[in-house]
Amino acid sequence: MHFASDNSGPVPTQVLESLARANDGYAMAYGTDPLTEAVEQKLRNLFEAPEAAVYLTATGTSANVIALGTLVQPYQAVFCSPVAHIQEDECNAPEFYTGGAKLVLVPGTDRMTSDALRATIENEGNRGVHGPERGAVSITNVTERGNVYTLAELRALTGIAKEYGLPVHLDGARFANACVALNCTPAEMSWKAGVDVAVFGGTKNGLMGVEAVIFFDPDMARSFAHRRKRGGHLFSKTRFLAAQMDAYLADNLWRDLATRANAACARLAQGLRQSNRVVIENDPTANMIYASLPRAWHQRATAAGARYHLSGGTLYNGDPDTLLTARFVTDWSMTDAQIDAFLDVALP
Amino acid sequence: MHFASDNSGPVPTQVLESLARANDGYAMAYGTDPLTEAVEQKLRNLFEAPEAAVYLTATGTSANVIALGTLVQPYQAVFCSPVAHIQEDECNAPEFYTGGAKLVLVPGTDRMTSDALRATIENEGNRGVHGPERGAVSITNVTERGNVYTLAELRALTGIAKEYGLPVHLDGARFANACVALNCTPAEMSWKAGVDVAVFGGTKNGLMGVEAVIFFDPDMARSFAHRRKRGGHLFSKTRFLAAQMDAYLADNLWRDLATRANAACARLAQGLRQSNRVVIENDPTANMIYASLPRAWHQRATAAGARYHLSGGTLYNGDPDTLLTARFVTDWSMTDAQIDAFLDVALP
Amino acid sequence: MHFASDNSGPVPTQVLESLARANDGYAMAYGTDPLTEAVEQKLRNLFEAPEAAVYLTATGTSANVIALGTLVQPYQAVFCSPVAHIQEDECNAPEFYTGGAKLVLVPGTDRMTSDALRATIENEGNRGVHGPERGAVSITNVTERGNVYTLAELRALTGIAKEYGLPVHLDGARFANACVALNCTPAEMSWKAGVDVAVFGGTKNGLMGVEAVIFFDPDMARSFAHRRKRGGHLFSKTRFLAAQMDAYLADNLWRDLATRANAACARLAQGLRQSNRVVIENDPTANMIYASLPRAWHQRATAAGARYHLSGGTLYNGDPDTLLTARFVTDWSMTDAQIDAFLDVALP
Amino acid sequence: MHFASDNSGPVPTQVLESLARANDGYAMAYGTDPLTEAVEQKLRNLFEAPEAAVYLTATGTSANVIALGTLVQPYQAVFCSPVAHIQEDECNAPEFYTGGAKLVLVPGTDRMTSDALRATIENEGNRGVHGPERGAVSITNVTERGNVYTLAELRALTGIAKEYGLPVHLDGARFANACVALNCTPAEMSWKAGVDVAVFGGTKNGLMGVEAVIFFDPDMARSFAHRRKRGGHLFSKTRFLAAQMDAYLADNLWRDLATRANAACARLAQGLRQSNRVVIENDPTANMIYASLPRAWHQRATAAGARYHLSGGTLYNGDPDTLLTARFVTDWSMTDAQIDAFLDVALP
C-alpha cells in the first residue's frame, strides 16, 4: 500500500540483467563506449529523429536544468506553471544552472492555458533592459497534479512559444505515462507537437536513475555536453546508465511499465469512486491521483500501513470528517491485491 | 592490456548482488531509506568519526565541488596543485559550484610542498578587497601524477592551512589506493592528518558510480544537503547508491580492491624497469605510472591492442626513438597475465 | 510638465559645489579617503546607529542586490511584493548577486499584508531540501505604487520575519519621501521598526548617483565589501560619491528635497481631484500618483509636452473616453507653475 | 609627491563645468537622453567605427567584466597575463560576470609573448569536455607593470587569437597613456590591431568615474545592455556619465591629460636615473615606473610625505641598503615641482 511516489518502487529484473551484461571487462569512459552510442541511436530511432542530439543523465533535476541552462541566458525568463517541478521541487537548481534566469509563473493551479501563457509572455519581456528577456517555455506532461495535456493542448502552447520565438522544454519525468494515457508515440508528444527539447524520464518508471535529454535540433544542444560535465553530471562509467536505458527500450519495456502503472491508477480511482465521500480532483488517466478523503479514513489507512503524502493539514487532530487531500502515485510494480487492500482499509 | 583509466574497469560481482538485494519492494526516496542511513553509519564507523556528516553522490566531480561550494565563498580562493583534478579535469565545475571562487595554483608539477603552499597563501588574500579572500586548501591523494603524500606530508600541509584558519578538502578519488600504499587507516589519512572534508572515492575503485563525502565537523556541512539537491545530485532512489557503498564496505572490499590494483601497478613497474630505455617518472606505490618509452615501443603496443593515454606528442610521426610519456593506470580487475602480455609486446 | 520619474530631474547646486570642494589635489582611492570616512560617520549619526556598517554605491540596484547577496544563500528564498523593484525592474540582478536565490512573491498588488507574508513564508521552506530555504524578507517604502507603509505596518512585517529568524532588507530608493510622509526619523523607519539592512536612497531624491547601504548589525555585513568589489561597484574615486552624500546630509538637504517633492505631488493630486473623471488609485502622501484619466485627456497633455508613463494601453487608438492609468512622479525641482500648467492642459 | 595611483588625482575643471551644463532641467533616464546618444556617436567617430556598439559604465572593473561576460561562456577560458588586473585586482569579478569561466594564465611576468600565448591556448581547450573550451584573449595596454605593447606586438597577439577563432578584449584603463606613448590613434590601437572589444578608460586619466566599452562588431555586443543592467551598472542619470566623457573628448582633452601624465613620468625616470643605485624595471614610456631603491631612501621619502606602493617588503626593518621595488604612477595634474621635490628628498 505504498503510494508515496513512483520513485519509491523497485526496478524490473531486466534492468539488473542489463547491468550484468554491461559489466564485461573494460570500456572507455565518459560515454565513448559502444553501448552508450548504441543506446543514443536507439533513442533517435524511437523518437523518429535521426538528427537529434541525445544525452543521458542520472537524475530528473539534472536533465531539466542542464537543458534549461542550454536554452536560456542568465538575463532571461522561463515561463512555467506555478506548480512545475522546476519551480517547486528543485531547490533553485534552474536558477543555478541558468546563471540566474527567472522563472516567471503562468497563473493557474496546474495546466497552463493558452490564454494565460500568452498574457504572461506579453506582460514580460516588454520593459527593455529593466525586466528579463523572454527565454523559453517549460511544459510538464504528465503534470505535477496528475493531469495530461492533450496533443492539441501541447500544440497550442508550443504554437504560442513559437510566435515569440521561444524554445520549448518538456519535463518528461512521466513521459511514458503520458504517452500511454494519450496512446501516442514519443514523436507525437514531442517534436511533432512543437517541443524542442524533451526529457524522456526513466527513473520514475522503473530505472535506478537514468533520464534521456533529446534535442531535436542538434544546434540548440551545442553547449549541453560542457554544461553536463561542468555540473558534475558526466558519468565516467556511462555504460551503466546506458545499460539501464537499453533494457528500458528493449521490447518497449518503457511502455509496458507505464501501462501497468496507469492501469493500477485506474483501478485505484475506480475503487475510490465507490464512495461519495471521496472527491478526485484530477483526471487520473496517468498514474497519479489527487483525492480528498475524510481525515478519519486517512488515519485508518495510515495506521494499517498505507504510505502517501497529504497536501497540508495533519492526520492527528481536528474533526475526523474534515476532507484532506492526498496524493496517490502508482508505479509499474503495484499489484491489484495491494490496491484492493488499501481500498478495503481506507473506505468503510 | 587496458591501462587507460581505473574508471574503465568492471565492477565486482558483490556490487551487482548488493543492488539485487536492495531491489526489494518499496523504499522511501531521497535518502530517507534504512539502507542509506545504515551505510552512512558504517562510514562513520570506518572513519572512527561518530559525529561526522556523511553524504553520497554519484560522481567524483560532484563530490569535490559540492564540498568546495560548502566550504568557500564566491569571493574567496581555493589553493591547489596546478594539476589537481578540480583545476584540470572538471570543466570549471569548482568555479560553478562556488559561485565564482578562484583556484589559486601552488607552483609545482604535482605534489604541493609546504614552502610553496605557504608562499602562495601569503601572496594571496593580502590585498584587501582587491584580491579574493583566502578560502580553503584542496589536496589530492593519490595525486594526479600517481604520487602519494605521506601522512607527515599531509600533516605539514594541513598544518599550514590551519595557521591561516583555512579548511582542508581532500580529493580522494583514489583514497583507497593511497590508504593501501600508506598502510594506514581512513581516519589516519583524513581527520587525524588534519583533513576537514574527505571524499572517499568508490567509482575508480570498482563501483558503478558512488563517492562518499565526509565532513568531520558536521557544522561545516550545514549547506551541503541543499547544495547537493540544487546541483541535481540528490538521487530519488538513493538506495541504489547506498547498496554499492554497502558492498564496498563489507569485508573491507574497498581495501581488497585497492590492494589488487596497487599490486598490478607494482608488477607493471617491475616489468618496465627491466628496460633501461624506460624512465618511470613517479613513485608507483599506488595504481598509476607515468613512464617514458620510445615511440616505436608505443606503436608496437598500441598495434597489439594496448590502451593508455600519452601525454602530448603523437604516435604516428617523427623519430621512433623519441621518448614519449604515457600514463598507465591499473585497476582491481587486472590480471598478471594481462600485464605480462603488455610487457611482452611493449618491451623488446 | 515632466512626471516620468524622479530620476529624470536635475541635482541641486549644493551637490555640484560639494563635488568641486572635494576635487582638491590627491586623495587615497577606494574609500580610504577622509571625506568618505567622515560621511560614513555622519550616516551613523543620522541613523542613531554608532555601530552600523555603512557602504556607498552608485546605483539603487547595486545597493539592493549586494545587500541581498550578503543576506541570503543561493539555495534560499527572498520574500517580496510581486511589484517590488527587485522583482520587476532589476533584470534578474537579485538572482545574479545571490547566486541564484529565488524571489518568492507575496500575493497582492503592492503593499504586503501581514497575513499574506506569513502565509507565504509558511508555505515555503517547509519541503526539506526540495524547495529553497527561507532566506530574507524585502520591503520597499515608498512602495512601487506610491504607497507608504506606516511604522506600525513595518513593525508588523518585520515582526513576522523575526518569528522565522529572517533578516529584513528595506529598499529605500525613496526612503526620504517616506520619512517625510510619515514625519519620522530615519532610525524610526529602519532599525527601530525592525529593519536589519536599509538602503538610504539619494539618486531619486536629487543626487547624481549615490545610495547608502546601512547594516545595523555590522556582523551581518561581513561579506559586503568583497561582494561590492566583486560586483564592480567599488569606486576608485569614492570621494566623489561621498561628496554628493555629504551635501545631501548637510542641513538636512535630503529631507528638504523630499518635502518639496511630496508637496508637489500633493498639489498635483489636489488638482486632479477637481475632476470627477479622474480616479487616483493610491494614497499620494509621498511623491507618486497612479491615476486614471480619459484617453483623450492624455492625448491632449502629451501633445502639449507632458511626459509620464502609462500602464499598458496606448494613446493613439480606441475610445477617447477609455480610462488609462498613468504614473505621475514628482521630484524636488518641480514648480507649482509646472504642475498647474499640466492641470490646465490635461483637465478640461 | 603622490605617486600611489593615477586614480588618486583630481579631475580637470572642464569635467565639473560639463556636469554643470548637463544639470539643466529634466532628461529621460537610463541612457535615452540626447547627451548620452551624442557622446556615443562622438566615440564612434573617435574610433573611426561608425557601426560600433558603445556603452558607458562608471568603473573599470565593470567595463572589463561585463565585456568578458558578453564574450565568453561559463564553461570557457579567458587567456591573460598572470598580473592582469582581471586576475589580480578584481576580486573574482570576471568569474562572477562570466558565470564561472576560468582565467588561464599565460606564463610570464607582465607582457604576454606570442609564443607563450600560443602554447597556453594549445595546451588548453584540447581535453574535450574535461577542460574548459577556449573562450577569449584579454590584453592590457598599458600593462599592469607599466609597459606598452607596440602595435606590432598587439597584432601578433590578436593574430594568434584569430587563428583559434577567439575574440580579443583590451583592458584600456590606461588606453590614453598607451596611445600617447605609441603616438597612434585609438583606431590603430584597437580594431586596426585586431581588438574586438576595447575599454576606453577615463577614470585613471582624470574623470570622476567613466569608462567606455566599444564593440567594433555590434553583433558581438548583443547581450551587453542586459548584462550591464543585471550587474547594477546602468545609471538612471546617465547624462552625468556622458557629461564627463563629453568633456574628455572635447578638444582631445583625453590625449592632453595623458600627454601630461606621461611627461611627468619621463621626468621622474630621468631624475631617478641620475643615481646608479636606482634600477628601473620597466620601460617608462607611459605613466608608471617600477623602480628599486635602497630601503633607506624610501624611508626618507616616506618620512617627507611621499606616497607610493612598495611591492612586498616593508620600510621599517632590516638592512637600509636592501633594494625595495616601488611603483610610481604619475597623473595629469602632477607638476614638475612635485616631481623634483620628490627627487630631492629621495635621492642623496
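Letters A, B, C and D mark the chains in the order given here, with residues in each chain numbered from 1 onward.
The rule is simple: a contact is a pair of C-beta atoms (placed from the backbone, for glycine too) under 8 Å apart; a residue touches a chain by one contact, two chains touch by 3 or more.
The chain list, named the UniProt way, goes like this: A, B, C, D = Low specificity L-threonine aldolase.
Everything numeric in this text was worked out from a predicted model, so none of it was measured.
*Asks:* Applying the touch definition from the top, give me the chains sitting in contact with each of subunit B and subunit D.
*Replies:* A chain counts here if it touches both subunit B and subunit D, which gives A, C.
*Asks:* Using the stated contact rule, I'd like to know whether A-C or B-C comes out ahead in C-beta pair count.
*Replies:* A-C
*Asks:* Measuring from the mean C-alpha position of subunit B to the mean C-alpha position of subunit C, what distance in angstrom results?
*Replies:* Inter-chain centre distance comes to 51 Å.
*Asks:* Take the average of all CA coordinates in subunit C, do the same for subunit D, and state the distance between these two points in whole angstrom.
*Replies:* It comes to 34 Å between the two C-alpha centres.
*Asks:* Just the number, please: Cα centre separation of subunit A and subunit C in whole Å.
*Replies:* 41
*Asks:* Residue numbers in subunit D touching 2 or more other chains?
*Replies:* Answer for subunit D, listing residues that touch two or more other chains: 74-75, 90-92, 96, 99-100, 129-130, 132, 226, 229-230, 234.
*Asks:* Over in the complex, which subunit B residues touch subunit D? Could you list them?
*Replies:* It is residues 74-76, 88-92, 95-96, 99-103, 127, 129-132 of subunit B that touch subunit D.
*Asks:* Would you pull the subunit A residues touching subunit D in the complex into a rising list?
*Replies:* 30, 73-75, 99-100, 128-130, 132-133, 223, 225-230, 234
*Asks:* Quick check on the complex: what are the subunit A residues that touch subunit B?
*Replies:* Answer in residue numbers: 2, 4-5, 7-11, 16, 19-20, 23-29, 57-62, 65-66, 90-93, 96-97, 203-204, 208-209, 226, 229-237, 240, 307, 333.
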